[in-house]
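As structure tokens, here come the structures.
First subunit A sits with subunit B, and in the next complex the same chain sits with subunit C.
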Partner chain A sequence: MKEKDLKRAYNNVLSQTISTSQRFLFCGNLLGDIFILDLKELDKGTEEPPGKLKLSAQGSDVDINCLAFHRDYLIVGAIGLIYGLQWNEEEQLLSTKRAWEVKIPMQVDAVEVPDVNSMWLHSDTDTLYAGCGDGVIYQISLEDGRIQREFRGHTDYVHCVVGNANGCIYSGAEDGTVRFWNDKEKEQTAMLEPHKNSQLLRPDWGKWIGAVAVNDDWLICGGGPRPAIWHLGSLECTRTLDFPGRVHVCDFVDDCVLLGGEHNHVQFYTLNGALQSNIPVEHTACYSSVWQTTPFKFMSISGFSNKLHILKDFRFLDSKIDLYGNVEGKDADTDESEEEAIFCGDAL
Partner chain B sequence: MASSEEHDNKMVEVLNNQFEKLREAMDEMFEMKANGLNVEGKRSSAALLFVALKHSNREVKRSIKAGRDELHMEKSKVDLSRLQLQNLLYEVSHLKKEIIRCKNFGAKFNLELLSDEEYSIKFPNTPKEQPEMSSHKKHLHRLECELKLRKALDSQYNILLSSKQELLQDNLSQAQRYTSFAPALRTLMESTKPLHDALQLSLDVEWKLGTVVKYLPKPLYLLFINMQSLQRVLDDSSFKAEVVGFESDAQMQELLMAKERASKQSTSGGERRHFLDENNSSESSMENLQNRSLEPHPLHIKVIIGSADSPYHLLLIIRYWGRLKCTTVRAEFCCSSNNNHQGDANFVQDLLRHLYPNDLGDEIPISGIDYELQNLNMTSEDCMDFLIKNDFGYPYCWLQSMCSIPTVNKSKLYKHELNLHNCTREVITRIRSRWNSWLKLTQQIRGLTYKDIDLYSLKENIYPAGLACSLVQCTAITLDEFHHQNADAINYMSDTKCITYSTYRAVVVRGSAKMECFIQIPSNYPMEMPIWVLSIHWNGCHTSKNNSAIKMMECWTNSLQPKHLDPNDNFLYVQLFRTIYSFDIFLETEGSMQSNIEYNKEKPYISAFAKRIRLRPYRYIKKGSVYAFKQ
Partner chain C sequence: MEETASFFGLQAACEKAMEEAIEQNSVEPLVSKYKSFTANSEHDKRSPMDQAFRNVLMNRLSDDVERIGTLVKLSVEAVRAEIVSNTIPVVLLGDTFDVVTLGKCEQIFQFVEQLVEVWKEEVFFGSCKNNILRMCNDLLRRLSRTQNTVFCGRILLFLSKFFPFSERSGLNIVSEFNLDNLTEYGLDSKDHDDIDNKELEDTAEDLPIKIDYDLYCKFWSLQDFFRNPNQCYNKAQWKMFNMHAETILESFSSFKLEDVRHSSNESSDDANLQAMEVDDAATDAAASQTVRKATHFFAKFLTNPKLLALQLSDSNFRRSVLVQFLILFQYLQVTVKFKTDAYTLAPVQSDFIKETEPRVYKLLEETPPNGKRFSRTVQHMLMREEMWNNWKNEGCKEFKKPEEPEPSEDEAKAPPAKRPKRALGDCLREASRSGKFFLGNENLTRLWNYSPDNLQACKSEQRNFLPQLETYLETPHEKIDPAFEWRALRLLARQTPHFFTFVSQPSCKISDYLEVVRKRLIREKELLKHASGGAAAINSTESSNGLTTSSGSELIEQESVEPEPEPDQDLEVEDTEPVVEDDNTHEKPLMVTRAHIEEIIPLIGEPWMKVGKKIGFTNDELLFFQMNHPTPGVACMQMLTNWISDDDDATLENWAYMLEGLEMNEAAEGVKAIIQRERATSQPNNDVEILSD
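On to the complex of A and B.
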């Protein structure tokens, strides 16, 4: 199978982020490529096909696990490493040189370099919270790149970190717990264990928590166990949602709940638990969703496939955008040279 | 003018006045005389009037002279401009004549001139002409350059001519020298003949072989000689070229050809016919005519590729077609043991088809062949059908290149290979390496389908400590069955118009779990690698469409490239082991979450899952004595 076909068949987009100017969408995949989509293309009307994407290769050894955007820097979470790339909005150029790097320290008993699985950016305080493969959440100051604090407690790797404006951090992990943290306290302030709730447990799928989302009063989490809505004050599970697959994505969108994961649909539920819309997707599993309501409304869902799914009204699928094969300047067939390379590898 | 007229009028008036006064004076004097008065005072005053009259007279004369001078001046001016006009007219007629002459000159010689740039390239030291030069001047400049160029070329030509003459002279003298050796050599040979016989050296044998070669058509002759020389130079026994056919046939054909030519000359303008045609042309049907005119040269070349100790050989039969002006090759699979090798015959054709990209050999790559065939009432498609029907093989472009036949391929690209040595060498190497890799592949496929391999002991088994699964079945399936599997790996395959696929289904079992592997082997292997599509039946059916873990497994198997492994490794086996271990890992990691545990952790891995995608440790890492499966 040719390399470009392989890339198209097994493209796995784990993360997306929107630039501060809300004009560009960045998608990173496990093959070390970052796709840059000009959002203007989505807004310009349905007749003409959207223009091509830009591609910035980070090297095939870089797994892009998560992305964030702060001021004019794209922040990339890779393996054992977080780095920033300057984004030049005028020239639409992503710098190839890393502007800064933060190394995740290896734990004493660690045998593997930890992945940076999830990042939550608190823009007001210029702080980045990174949930890593060693089960620790690192609080990193973006002013000097120093690790300010480590949140320890999870016994397995962290899937997801989110927070809210008043300094509370919530994390879901492979150990099946959702832990609540506070800037002011050393230990976790509270913990949920959805798999201990018999209504939520799906025994064949394990106890891991793949996604967490919060608003002022409520928290959603799901993974191996069924997704459910919890009340932040009382830590009670108030509503169970019937998403049929493993959960990797959840979010509060307007007054609905978005759920996605290893299922051929993403679903919107009302806060009462009623299914509102059921949107078919091509991803084997969905891993990321980003959305905005201004300057125009759109949501992009990515996952284990070569396509971005674009929703404009959060109810119906609007369009699908190819990633590989839809990149500026790279579509010229390089069959011949590729073929020669393979041929030379063959023993004479 | 007006002033002079005025002046004249004044003068007339003045004169008239004076005359009047004079007459009055005369009349008065006459009267006075008649009256007898003294007129002396009156006469003197009247005489004074004459002075004034004289003065006026002078004035008049002066003005006449001035007028005459003016007139003369104007006249000379007119004369001058008239002269100029004459001059100009003459000049115009002269230029017109010149133009006509130039035109005539241009028409006569009608030179094909190069552009300014080309001249400036040819004469870099001439000054750069000014951009404001008129087109005529430019043309002149170009002519000048052309003249210079021609002179230079002429001198070159002369030099070459003289050097040619010299070489000819040289050649002649050398030839004379060599011929002078001939009698001496002949006597030497005759005198040493007894010695040859005594030593039983047979110098003539090789020469005799060569006599058949002599009758080969030119392209095949070139090919044969090149192959032979290559073989001798490289001292390579892995390929061998032979001429097949009889001298007598070739001689016969040559004779018949000569006869045909002669007959054609005698009946010039008649329909083109084949040599046998002349007796019974009237009753021969079109088909017969075609068949006979499409006849290969009686001699053909057989090339055997494959090392002497291997039981399998690749046989290439190369024929030359005088009418089609091209050569064709047919490949045969040749096996010294008597095993039944169904399907193997197909792949040898594929091997040649995919030797070079876009050279499928499905049309005759000779320029203008359509036109020539029209004379025989044939089309090139008919000829191709004929060649395929009779199993004569295909006219690949690379083959024509080896025979130094100029080709025009599908994209209308003209190619005439002149470096035959390199070309032949490259093609042979390529065929040989493809042949070897195909041989390996078919052995692997045979091993899998007949299950006559020991999975435990194969060197491709990366993790010899344990193989919990077993391969229970491997069969060929139809392409439809394969496409029934809905996987991105199939959907995203590049458009492959000329590649055919053979497909297999392998079943691997461990406990209650079953894995079906659908394997697609492209006909242009090893340029493209086999693709595996997996589906696991265990607590439901898991495929790459509904389970990301399976998709990662498939990715891990399909991303294997030849550069990742040892040259001696069997590619398919490596893929098989990769898949089997991935299956094990899948079951063991998945099993760790199950309520009733069927599969325990047996493989050495650190963590069962990593990353948000819960990636399983499919990758096998071995460093010295430490080995583990990792993400």
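On to the complex of A and C.
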């Protein structure tokens, strides 16, 4: 029981992903557990809480840093290692056996095994880009698991990798830079250094870049420095956003910018920098957001807390879902009374 | 037996007389007919008359509404003449409503409304009260509460006008709630929801707290508390209410609605908070206009889950929910005679209410359009509600008009004593004699008399209020102010080529675009300065820009020049208004001189008195001139010299205009010739300017 309480208190969900069928949500935490939520449960429109989650333990030695979903494989990024697990949609079963494994090579002068901090999946080309703790971005072919290419340039660990369909990769790192890469060029094509902009610099919090997001013309990045919108063509900072905390999550959602991080609210800004919606969350820090608009609108925000925050129209907090204590399986029954207590505690 | 007619005979006779009465629109023929049957007793005659009315009504039912109305009015007169029973007008109406369609009922009901004062008369009130109530209730029963809201409202309004406030049957004396007003929600909950709710009421004490799961359910579950506020006194229920209310309010505050169109309105609303109390009428009109735009009314909430997101971002919906909160809080706090003792708030509960109420008000204020105004109105309404509540607690006493304080005598007399009114004619005459205008309103008069020639004054350089683009963009303004943006774009198109260049921007909002343009302009200016270096160059660019800074100060000057409106201002008008004085573009008025008069007098000839009248001399003054000077020429001369010495407005132009008005064309041509001559000699270049004008 005690271990359960500890898990509840220290549950840190770093990553989430939605299955290709858009019917299941996977959340991975630092304790090596993957929670699987059936999204149908959220769209019931009844007074019942959604059904229990499924849990798939990967072993306490596995930190799940990032997740991705490709075809019918769940891809897990852990420490020094990326592996795939087969997902059986009909039986709703996540295989316990790793279908494949890619090891991140140790650098010659490395002291510790590099984390896989961020993955970006380019499904058209079956390519996975992994930003790692050694400051290198690895391009991995999912056909054969080979590392096709290494993007070198960052001088500290990479926090975030994103890309777009025309082969451009954007990465943000601890060294305070956002670097632009292209499939066809050896060196980086461009670089931003938000901390050198006096409007963006927040000296107390350092220069690291925690999150990057792009669309066709614009890029948002933030971290220690203030989040801001940059123009991809001119590399000019066109808009500063007033998010009060350090940034770990940012994204373009519809016509808005989503920002989350070490702040008790997740915020939506318009592209003009006006605060549109300010959603209270329980996380000490938000680390991940996933969303979809079809078959129904839904967003899940996770972070350092035992709860997923669900938004159904991206403007209001719809509900919160417990993770530990809300799992189906052997210990569910013994947990029941306690869960009730927590609910009541919540009510007060 | 021959004299006493039978019932049917009487009725037929009455019907005949009635046709006549309707034609004449008077009750006289009926009365005389009635009186003619001397042999029958009063009682015997009345019922045939009643029957006659009903028969006539039956025949006319298919007619247009107006004719039914006239029949009803005739029956009212007949009651007054005491020839039919008192209830007949109402019986007629009731019969009509029973057989016509709802659409027609709605039209016919206007007669009921029109005659409300009649029904309240003693003759009718006692006997018709019940009939009217029955008639209205029958109508209400036929109407749908959701479809015919307007008609229902009309009927209820009529009833409240008709019955005194303290009428017991119209009051909810024991403070019961309309528990039937269930709000159903959920996809499949329809069937078991009712059972659920009943259970809740009966055995609320034992039920475990029901915690609804998502926003949707939380939101709609609140309606049950609004329906039956007494649930809040139950501990478990309160806990649930507390939590759900918290969530909903948090949601409201997490996503603030913004109102693009009315933002400027709102700002003025804030600024003129004080002024508004005075100038309520104007803002009322504006507010009612906005209200009128959104006249969607739903008697019931629509609870489809798909609608929730839309509803939450609809300001009207938000308002109605917030007002529900306020009403509930008020009920929970006030003392109501019929609340049982168990229904008292625990300290925790009242703390929560005290904390939450200001929050709700704040949310109301933040909900556009006219949020502050709306919130104040609601507050006011709730205050009145409290008064009603107190009135009910005191047993619904009858209302008495407060005794009016006697208007003190000096108060009544004071205003006229202060200012004896001058005859309007005198004012006008005096004004026109001095070439001024008198418009009856001090401010208008002052404005009209700024300058002798208002049209010229309008052309003055100082009347050019078009600001320089740069200065305009720097002026403080609302973040989103469509009026400002529109003006700025107009200026932009006029004054700089930037209007035609493309700006790459993350947003397409005009305010951002303007911001970019402003920055560009500043940058450009700096570049220019750097490039040319010398001070002379700066001067030249500035002057080519039209002196941005100076035009700014000019504007301020303009404002300060405009004098404060003085209430006690008479017709002594500032002739030395700066607008006229230092203006070179104006032509100097050419004054009439003695020489001019001598030249023109022969052309005026005999009808010189007409000219005198036009100038503004009184009849006796003209007579005086005539008496003293036998020949018209000399008299005219005398009169005109008096004129030019007295009147500043004795200009040649005015004179020519006057003569033209009198159709003395010869004389007018003469004056015009003089004008041209004078112009040519005094200001040779003036001609050019006139042409350019």
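Here, the second predicted complex is superposed on the first by the 327 of 348 C-alpha atoms of A that agree within 3 Å, B and C clash if a C-alpha of one lies under 4 Å from a C-alpha of the other, contacts with A are read in each partner's own complex, and residues count from 1 in each chain.
Just so we're on the same page, a contact is a pair of C-beta atoms (placed from the backbone, for glycine too) under 8 Å apart; a residue touches a chain by one contact, two chains touch by 3 or more.
Treat the numbers as computed from the prediction; the structure is a model and nothing was measured.
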Once the structures are superposed on A, label A:Gly224 by its partner contacts, choosing first (subunit B), second (subunit C), both or neither. first
Touched partner set for A:His159, first subunit B, second subunit C, both or neither: first
On the A-aligned overlay, A:Asp204 touches which partner chain: subunit B = first, subunit C = second, or both, or neither? first
Now for A:Ser277: first (subunit B), second (subunit C), both, or neither, which partner does it touch? second
Touched partner set for A:Lys40, first subunit B, second subunit C, both or neither: neither
Check the residue A:Lys4 against both partner chains and state whether it touches subunit B (first), subunit C (second), both, or neither. first
Determine, under the contact definition given at the top, whether A:Lys103 touches first (subunit B), second (subunit C), both, or neither. neither
State whether A:Arg239 touches subunit B only (first), subunit C only (second), both chains, or neither. second
Would you mind checking which one, subunit B or subunit C, touches more residues on subunit A? B
Set of subunit A residues, in rising order, touched by both subunit B and subunit C: 343, 346-348
Which residues of subunit C touch subunit A once you look at their complex with the stated criterion? 186-189, 209-217, 221, 239-240, 242-243, 247, 250-251, 253-256, 305, 308-309, 312-313, 479, 504-507, 509, 511-512
Interfacial residue positions of subunit A with respect to subunit B in the complex: 1-2, 4-6, 8-10, 12, 14, 30, 63, 65, 111-112, 115, 117-118, 133, 156-157, 159-160, 174, 203-208, 210, 224, 248, 262, 264, 284-285, 287, 304-306, 335-336, 339, 341-343, 345-348
Residues of subunit B that touch subunit A when the two form their complex: 357, 429-430, 432-433, 436-437, 487-489, 491-494, 526-529, 531, 539, 544-548, 551-552, 554-555, 558-559, 561-563, 567-568, 593-595, 606-607, 609-614, 630
Would you tell me which residues of subunit A are touching subunit C in their complex? 42, 44-50, 217-218, 229, 231, 233-234, 238-239, 265, 270-272, 274, 276-280, 310, 312-313, 315-319, 343-344, 346-348
